[in-house]
Amino acid sequence: MAVEALSPPVGQPPDPDYQMGLDLMAFQQKQRRILSIKIAVVWLVLLGFVISFLLFIEFDFAYVVENAWFIIKEGAKWTIIISVVSIFFATILALLGALGRLSKNSIALGISGFYVSLFRGTPLLIQIYVIYLGLPQVGKSLALLGASLGLPFLSTVGDWFILTPIQSGVLALSLNYGAYMTEIFRAGLQSIHHGQNEAAVSLGLSRWQTIRRVILPQAVRIIIPDIGNQFIAMQKDSSLVSIMGVWELTYMANRMARKDIKFMEMFLLAAAAYWVLTIISSWLEGLLEKRLSHAYER
Amino acid sequence: MAVEALSPPVGQPPDPDYQMGLDLMAFQQKQRRILSIKIAVVWLVLLGFVISFLLFIEFDFAYVVENAWFIIKEGAKWTIIISVVSIFFATILALLGALGRLSKNSIALGISGFYVSLFRGTPLLIQIYVIYLGLPQVGKSLALLGASLGLPFLSTVGDWFILTPIQSGVLALSLNYGAYMTEIFRAGLQSIHHGQNEAAVSLGLSRWQTIRRVILPQAVRIIIPDIGNQFIAMQKDSSLVSIMGVWELTYMANRMARKDIKFMEMFLLAAAAYWVLTIISSWLEGLLEKRLSHAYER
Amino acid sequence: MNAKPLIQVENLHKWFGMLHVLRGVSFTVQTREVLVLIGRSGSGKSTMLRCVNFLEEPSAGTIQVGDVVVGCNPGVQPDDKDILAVRLQTGMVFQEFNLFPHMTVIQNVIEGLTTVKKMPKDKAVAFGEKYLAKVGLLEKRDVFPIRLSGGQKQRVAIARSLAMEPKVMLFDEPTSALDPELIGEVLDVIRELAYEGMSMIIVTHEMGFAQDVGDRVMYLENGIIVEEGLPPEMFKDPKDPRTKNFLEPIKKYHTL
Amino acid sequence: MNAKPLIQVENLHKWFGMLHVLRGVSFTVQTREVLVLIGRSGSGKSTMLRCVNFLEEPSAGTIQVGDVVVGCNPGVQPDDKDILAVRLQTGMVFQEFNLFPHMTVIQNVIEGLTTVKKMPKDKAVAFGEKYLAKVGLLEKRDVFPIRLSGGQKQRVAIARSLAMEPKVMLFDEPTSALDPELIGEVLDVIRELAYEGMSMIIVTHEMGFAQDVGDRVMYLENGIIVEEGLPPEMFKDPKDPRTKNFLEPIKKYHTL
Amino acid sequence: GGGAETPEETQPPVEQPIETQPTEPAVAPAEDKLAEVMARGILIVSSDPAYPPQSELVPNAVRPADTKCATDQKTSAELQGFDIDVSVEIAKRLGLEACFVTPDWTLITAGNWADRWDLSVGSMTITPERMQNLFFSQPYYTTPAAFFVHTDNTSFTQPSDLSGKKIGACTGCTYDAYLSKTLSIPGEEINFIVDDAVFSGYETDSFALDDLALGDGTRLDAVLTAQPTGVQAIQSGKPLKQLGDPVYFEYLAAAIDKAHSKDPTSFVQKLTEVIQQMHADGTLLGLSQKYYGLDLTTAAGEFDVSLLGQ
């Protein structure tokens, strides 16, 4: 409740029942506080269950404490870097994809439809494999082709196909999430009332001007929570890049676990780290959402 | 266009411009057909790219043809069984979760909130490990506890914690997707216009009757596409149960690949199989959606 | 003195946060009386109506409907049984119809009978058909709401409320969402109910209709009943300057 | 004969699938003339208005606005340049206002000027303020639309259209989404425009207002112009039985 | 590789009658793992068919009709390889049918099998860390670990040239430990001859070999892996070659969960006896020759299992 609402509106006679409103507010606030406390208690009880689960499985707390900082510092760094970079490119891809899906141009429609179907229809893991292991083979074939045709630049082009693990991971994550997000963005763009489009077009704005000036700025607000959700999911999916030896969270935990045969300890440490990352991301997303809703608050 | 619309409405004088309408319809149909053909051409060109990619990497088509049936028969069976069973339980969990999130009861709020946060916040892979590896240890501790306390039934209860790979996989997938779908269902329930709730309550329906008779039946229609999307995603995530030795699609492809060192061949075969499964699922979801929209068609 | 009123609301207050929407409203509705409520947007008309059947929980005040008396005080939740008793005696019709889109017309009408009153299906259908016939829509019995015009939807909504056989009907701007040429059919149904002696509270902007069917008119502003009286007098010659202020521009544009 | 009309629509047809919504409509609007369009819901009023500025593409017919003539034939896409030329000469006001919610009032008003007409920002703002003042909302300059009442929103929408200095204004039920006591302020603005000599086509259900500002009234039914004439005559004594049929119940309930 | 020696005992393996008496009479039969397995009639072995030629799946295999294996277990007809043959032989000598489950490596090495399977015959290296959770039998063979480089490479002539180079291996396995100089194998002195390797970890060795095959130094300079694995990659046409001699040997044994609900002591002893028998009668050597073309078993037969102190 904003502060201004707590004093009677200006220009009107003071409300003789003002105290009743204050009492009601106080009562409701108390109710809300009691509910929050009750919920917190439930969480604590459930956390207690989780911890007694750990006790049941003879969890080696000392080992976790000893190794936590190293794993989280190195692992979380890469998890965050890869997720952030990938969500950035995925957002761009999804934007282009959504515009393609909504256009009337057959080439844009065809490419965006194929892209979404292909990358949503196949597993991310396989996409990573193909990009990491398959692309270099294409590059090699290109170089061979260049040599036989006397086109040396093809060999340079071929080299571009040999991506580092990080590049491969970011490319695969961007393409995969871009495909899922294309559909989300499309729904977001379509959810803008068609009256907005009509008003813009009536003023003389072109189709592209309408999208850029009127539709997109409104859609952003709607799709921010979705981007946030995808970002959270991506943090976990980014663990798949560990198969290429990127030292992110899962890789670090897995390596330690295998070395010292402390699987439960390391997995639960990683899970806790992901959980914290998720909670932080949700919170940041909430902040961003709040900032963007400025124009929509009375 | 339904057949009835093609003849002029009864009770009105025949439209002298009827032919104009037919011509326009024919023209539009032609336009639409041309667009479809153009899009199909774009898809074919893109498929051509994919195939030339395969040629570049010296893809062994004969090998794939030889082994495809074995892998798909055994692998797709398990992929489908596990996905179908898991989406069923996930839907039930999500329904309960969503009702909990929307209730005013602190225990329901606390449990559903904790559930969603925990299972969305941690990776599915780790959830599978914990359920497969960790639960039996809890069961064992329970049995020990039972023995020391002289409660033999605790030992029976302890045995229930030892799950087979399939059970563990279904449990983990259901819990994980249930958490994501809780939020989807909550949004679906909330998207039903509050006037529906008010009308039901005015008639004297209780809160639960309102949910069961008025809100849920309408929400189902809205969330069916989401369930479909989750089901498609789950088909791919179900490959994680392979770590427990379930011979589903990814497992089969991977083990064949290792046997004959044909990674690209087997991964792309698996990818194609998943793609086909996805397309079939989308199509089934569309059918279901259509059936449910019966009451909403003029 | 009158007989015991059907509805008696005393000193009703409603706060939304620190927004004081109803500032101590008291009024009565006698059996067979039609009370018309007019006022600006945001003056609290809907809130008042919704407090009567507890769609909004009153912040303070006493509400009596039929034999049920519910006293509301800050921080005290009214009893669920009392609320249900009140709702069974009141029928509510909304501006946006709020038909259940997944049910046919007859299913809409019998929903309350079968689910709340636990009436056997066949008896409920007979009941429902009676009231569908009353609003002139028996032939739309098995149609889904989406195939009805706005006016037809609202008439089905009225039948749905009537089938529960309430003692009083509450109408919240029942024609505001309708195209002008469809308003008539709905008003005709309400008018007939009035002639048959149904007790009603009607919130409306159709001043001609209000004058026609209302036994009494109440003008609400800022959560306070500013003026009340007989319709012809109120509309021709409002006493309070605020009422005058409200009615003037409407009369200017609505009179042909 | 009149001078060359500002708008001349000839034999306009519009099909939605096999639904023949406009069945060969022809009419003209002279400079400084106010044409009022009335008719039932679904009769094609909005579609007709929207065809004039190509929000809907006409299926067949000729549309002339100012110096631009666009002939439409089945299967021929009109030229984008022509469509833009028509739109720059017409201002459109919608029932649901359609203000851009992410822009302040002044940003809404200058959007067309800066983006379409490429006017420098400061000049556009001066322009915008002039028209905001005209609709009496200069003090709401930097407010976001959500903080405006419905009547204020519609007045900003009118200012936004006027700022583009069109030759003709099209109003599609500009007050249908407004609470009754807010209708007056919007109608007053439109009335003033009429007195100043702005050419307009107005779709409205406010018959009192129509009679007041209209130079000519057209009654549309089933995509055909059934009757047209001078407002007082049409409303008092419609010739066609269909027009009579439409106006009767409205007069019954709308007259105090 | 290990020197090929003719086993002393050339007699064909004789099917031994099973001792139904548990070797440890102090433990009640119901509490004894071996007794439980014998009573059940099948031996449940874990083996992941991800590691040819030790274990791989058989395409289009037909499940025998008379099998006692449960529906979620695989029969010996559906899998093949060195480990599978060893498993079947062990089961046969116990008078049991071998049935297989196929959990991944992590789940096997983690221990706490919850009685889901009886033992792992999965070419598991004996390490002190694994001995926290598992008992090991007499090793049934050894594997040399060797470095592989691209055929184009001419600058490396021996493993010690790889110091400071980019070397790939599986993540968290013994090769990883060797490169980070933390490896210890009971009964063996490890000689760390590569310093400051830039380690690149992979989910499995085969991806490391794939990356090396892309070109000399393109992604990797060398890969450390099991010699048979590297040889198999070379045979499948990858442009790789072995660099110098193997750097160490791993002893690979059957493993048993320490946390079985029944006492596994006598079971472990019995297994050791059976494997020692298989060493003694040349069965294992025969299998080694069949799958690897060389003797990888003699050193394993000589391993003194009592050194493990378990």
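By letter and in written order, the chains are A, B, C, D and E; residue numbering begins at 1 in each of them.
In this section, a residue touches a chain if its C-beta (ideal position, glycine included) is under 8 Å from a C-beta of that chain, and two chains touch if they have at least 3 such contacts.
Just so you know, these numbers come straight off a predicted model, no measurement behind them.
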| item | value |
| --- | --- |
| Intersection of the contact lists for chain C and chain D | A, B |
| Fewest hops from chain D to chain E - one hop per pair of touching chains | 2 |
| Most heavily contacting chain pair (counted by C-beta pairs in contact) | A-B |
| Centroid-based (C-alpha) most distant chain relative to chain A | C |
| Chain centre separation in whole Å, for chain D relative to chain A (CA means) | 45 |
| Chain B and chain D, separation of their C-alpha mean positions in angstrom | 48 |
| For chain A paired with chain E, centre-to-centre distance based on mean C-alpha positions, whole Å | 42 |
| Between chain C and chain E, centroid-to-centroid distance (C-alpha), Å | 82 |
| Multi-partner residues of chain A (each touching 2 or more other chains) | 133, 263-264 |
| For chain D, residues that touch 2 or more chains besides their own | none |
| For chain E, residues contacting two or more additional chains | 106, 110, 210 |
| Chains that touch, pairwise | A-B, A-C, A-D, A-E, B-C, B-D, B-E, C-D |
| For the chain C and chain B complex, residues of the former touching the latter | 53, 55, 84, 87-88, 90-92, 94, 96, 98-104, 111-112, 115-117, 144, 146-147, 157, 160-161, 164 |
| Footprint of chain D on chain C - complex, ascending | 40-41, 179-184, 187, 205-209, 211, 235, 246, 249-256 |
| Residue ranges of chain E in contact with chain B within the complex | 46, 48-52, 56-57, 59-60, 72, 101-104, 106-107, 110, 112, 114-116, 204, 206, 210, 232-233, 236, 259, 261 |
| Touching residues (chain side chain A, partner chain C) in the complex | 1, 5-6, 15, 17, 20-25, 27 |
| Residues of chain D touching chain B in the complex | 13, 15, 17-20, 23-24, 59-60, 74-75 |
